[in-house]
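Naming follows writing order (A, B, C and D), and every chain is counted from residue 1.
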Amino acid sequence: MESDWLYIGLFLVVGLIIPIVPLILSRLVAPHKPNPIKQSTYECGLETVGESWVQFKAQYYIFALVFLVFDVETVFLFPWALALGQLPLFVVLEGVLFIGILVAGLVYAWRKGMLEWA
Amino acid sequence: MTASQIVFLLSAALIIGSALMVVTTRKLVHAALWLVAALFGVAILYGLLEAGFLAVVQVVVYIGAIAILFIFAVMLTRKEMRDTGPQTRRSWPLAALLGLLVLAGLVFLVLDMPDVARTAVEIPAEVDTVGALGQALVSPEAYALPFEVASVLLLAALIGAVYIASGQKKE
Amino acid sequence: MNIPLSWYLILAASLFCIGLYGVLSRRNAIAILLGVELMLNAVNINLVAFWRYLDPAQMGGQVFAIIVFAVAAAEVAVGLALIISVYRSRKSVVADDIDLMKW
Amino acid sequence: MNLWNDPINFIAGWLRALLTGWGLSLDLAKIFIMLVGVGVLIVGSLVLAIFLVWVERKVVARFQDRVGPNRIGPYGLIQPFADIIKLIIKEDITPTTADKVIYNLAPVLALASVLFLWAVLPLASNIYGVDLNVAALYLVAAGALGTLAIIMGGWASNNKYALLGAFRMVATMISYEIPMVVVLLIPTLLAGTMSFRGIVESQAGAWYVLMAPLAMLIFLISAVAELGRAPFDLNEAESEIIAGFHIEYTGMKFGLFYAGELLHAFTFGGFVALLFFGGYQFFGLEKLGPLVAVTIFLAKAMFGYWVIMWIKYTMPRIRIDHLLAFNWKFLTPLALILLVVTALLHKLLAGLPLWGITLIMFLTNVLIAWVTVEILRAYGRKQRQAEEVLAPAGQH
């Protein structure tokens, strides 16, 4: 058990370090001749127009919101799915009720037109 | 000094350092990313405490969902990339003082607790904590009610948040 | 597994106080919510540490931690939605400026 | 314990004896052996990624009726190495307005989030990184880090097209994560465990694709969306937003994103094989030896990868509103219904023989698919009628 997590920890560290190696290699080998035009942001080959910080649609945020709630709820379902085998039928119905409440939220958002790209 | 103590101290340093950056850095996107680092440190602690399920859930929920939502919100409420103006209230020294006082009080309480230097009992190898968690969460004798209530809470949050964020479309 | 319980508790206490400082000192409402997240995580560390150190056979601590996840998600969802809604009408996310309801 | 039947333990035992012989303590030797294992797995998967560059180029050429790389080495096999050398010696340009640290961190995290997945992939019954008891959620967690990498890259470039691309990509990825997690619950539920080895072992009787073919389809679709490949590649819709979140990345940093994408596609092919096609099992053939099992697994993963490529090079791109509507109004409800039905059937049919369970579940899936198609057809008809009322024929 503990050694499992030790392995994961080592994996995370090594997995983060190894992708850096080609970057360092590239830094050593590649030419480096910066100039202002090269280093300006790229925009279809034209000069950059206006602020690079654009206000984007609030709809992205609505989807992220719905996602957050669903993400937490599906995470709750994992212990339920694991315990399913050892438990009586009405516990399964408990999970079904849980999913039903989840779907009610989805239906609400749908009916309110929140899932449209308005 | 054993291996797990070293891991604990490293992740504690990560958590405290990133948390300090969260509350002091000027750029809000950076603050959100430092929050991700702090939360990742907490996930390491859960791994150390052999609560594997919580460790991955921490990453899935906090880093995968909550941090993303924060970054979205920061970018939605900003006109430009750089944050301008003072980021703290004028009364920040008072807040710092209060924080330190609370910390001192809590540390005093913790050290005063009986048997606080205890070490953990071994979890027997055959005990499946993830399975036991599932059993506890859905069996009616244990936590079935909080389980259902949580879903109602999330439903309420979803409805409320979607209603507020979408703005009244009447106008 | 030879870390004393007090280490976890002190770490959680410091994290809580840093979060508290963030909540009290920040002007931006989103930054205040970031501080609240830190405080919730401090609580969770305590819950899980007590579960591990007192009685791992009882899953109470972990279940509570999971409920805290749900509460944190709900709090972030509603809190950020409020902030965005206020930003739309007042073009500001500074907590002090949001003083519509003074009574 | 011999080299043929249990190579990992054989080599580990040999290394342990060697290291303790040199005077290392047992714990240190264990950590060192783990480190060697981790290194071999990661370097192996990166070498695989290099090979995948060649596969991808060759296959897309065939789809487009070309020959593909064929100049360097037999069948152009050396071509990816030439590509890498080119990427390394290219000048690395960082925009002056970029947020340097985050800008440089993003590609590393993007590739690393894919590499992390290899820690839990069981290549054979005794060749795997770690048999985690929460592996299914670990898969989701690694995906969350990938999402973070994209938003970091898009934001740090300080380029509006990059930011827009990142937002589209992240909206797609998080949306399609929901049906993916829901259908991940189905093998978890059927196997009664989240460990991937447990899921593979429990498919010894019948592959889950027979019990839950719809779940397999949903997983495949959401995996493609998660990868950001066509038809879900609006992050890099060249005609609209140049190249998505990695516009500003050049040289090896772009290479990391690219390698990450290819390896991610292959890895998800592996996960489809693992969750629904019996992983390293193939009608008892895997018992010949672990190396045979690894070959079986990689072949299945390659098949999954090929299907993902097939989809990519056949389908046109979908518009973002259609894409999100497809997820939230179709895929997510369907996945939830499927989960409820599977859970109930799994519980009710517990006493039956395996073939009975499999048959009933398969038929139920077919029924659900049929009902869904009928509902969609009725909906489509209604939509068309509404369109015709609005715009009578001849007036377009």
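Here is the rule we use: a contact is a pair of C-beta atoms (placed from the backbone, for glycine too) under 8 Å apart; a residue touches a chain by one contact, two chains touch by 3 or more.
This is a predicted model, so every value here is computed, not measured.
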Worksheet item: For chain D, which other chain has the most distant CA centre?
Response: C
Practice prompt. Please work out which of B-D and A-D is bridged by more C-beta pairs in contact, and write that pair.
Written response: A-D
Item to complete: Provide the C-alpha centroid distance between chain B and chain D, rounded to the nearest whole angstrom.
Response: 28
Worksheet, complete the sentence: Expressed in whole Å, how far the mean CA point of chain A lies from that of chain B is 17
Item to complete: Round to the nearest whole Å and give the separation of the Cα centres of chain B and chain C.
Response: 6
Practice prompt. For chain D, jot down the residues that touch at least 2 other chains.
Written response: 31, 132-133, 137-138, 158, 163, 167, 170, 174, 177, 194
Item to complete: Specify, in ascending order, the residues of chain A that touch 2 or more different other chains.
Response: 2, 4, 6, 8, 51-53, 56, 58, 60-61, 64-69, 71-72, 75-76, 78, 81-82, 95, 102, 109
Worksheet item: Which chain C residues touch at least two other chains?
Response: 1, 66, 69-70, 73-74, 76-77, 80-81, 84
Practice prompt. Going by the contact rule at the top, pick out the chain A residues touching chain B in the complex.
Written response: 1-2, 4-6, 8-9, 51-53, 55-56, 58, 60-62, 64-69, 71-73, 75-76, 78-83, 86-87, 91, 94-95, 97-98, 101-102, 104-105, 108-109, 112-114
Response to the item:
Seen from chain B, its contact residues with chain C in the complex are 2, 4-5, 8, 12, 15-16, 19-20, 22-23, 28, 31-32, 35, 38-39, 42, 45-46, 48-51, 53-54, 57-58, 61-62, 65-66, 69-70, 73-74, 76-77, 86-89, 91-92, 94-96, 98-100, 102-103, 106-107, 110-111, 113, 116-123, 127, 129, 132-133, 135-137, 142-143, 146, 150, 153-154, 156-158, 160-162, 164-165, 167
Worksheet item: Quick one: in the complex, what on chain A touches chain D?
Response: 3-4, 6-8, 10-12, 14-16, 18-20, 22-23, 25-27, 29-34, 36, 38-44, 51-54, 56, 60, 63-64, 66-67, 70-71, 74-75, 77-78, 81-82, 84-85, 89, 92, 95-96, 99, 102-103, 106, 109-110, 115-117
Worksheet item: Along chain A, where are the residues that touch chain C in the complex?
Response: 2, 58, 61, 65, 68-69, 71-72, 75-76
Practice prompt. Give every residue of chain D touching chain A within the complex, in rising order.
Written response: 30-31, 34-35, 37-39, 41-43, 46, 84, 87-97, 104, 107-109, 111-112, 115-116, 119, 129-133, 136-138, 157-161, 163-164, 167, 170-171, 174-175, 177-178, 181-182, 185, 188-189, 192-194, 242, 247-248, 251-253, 255-256, 320-321, 324-325, 328-329, 332-333, 336, 339-340, 343-344, 346-348
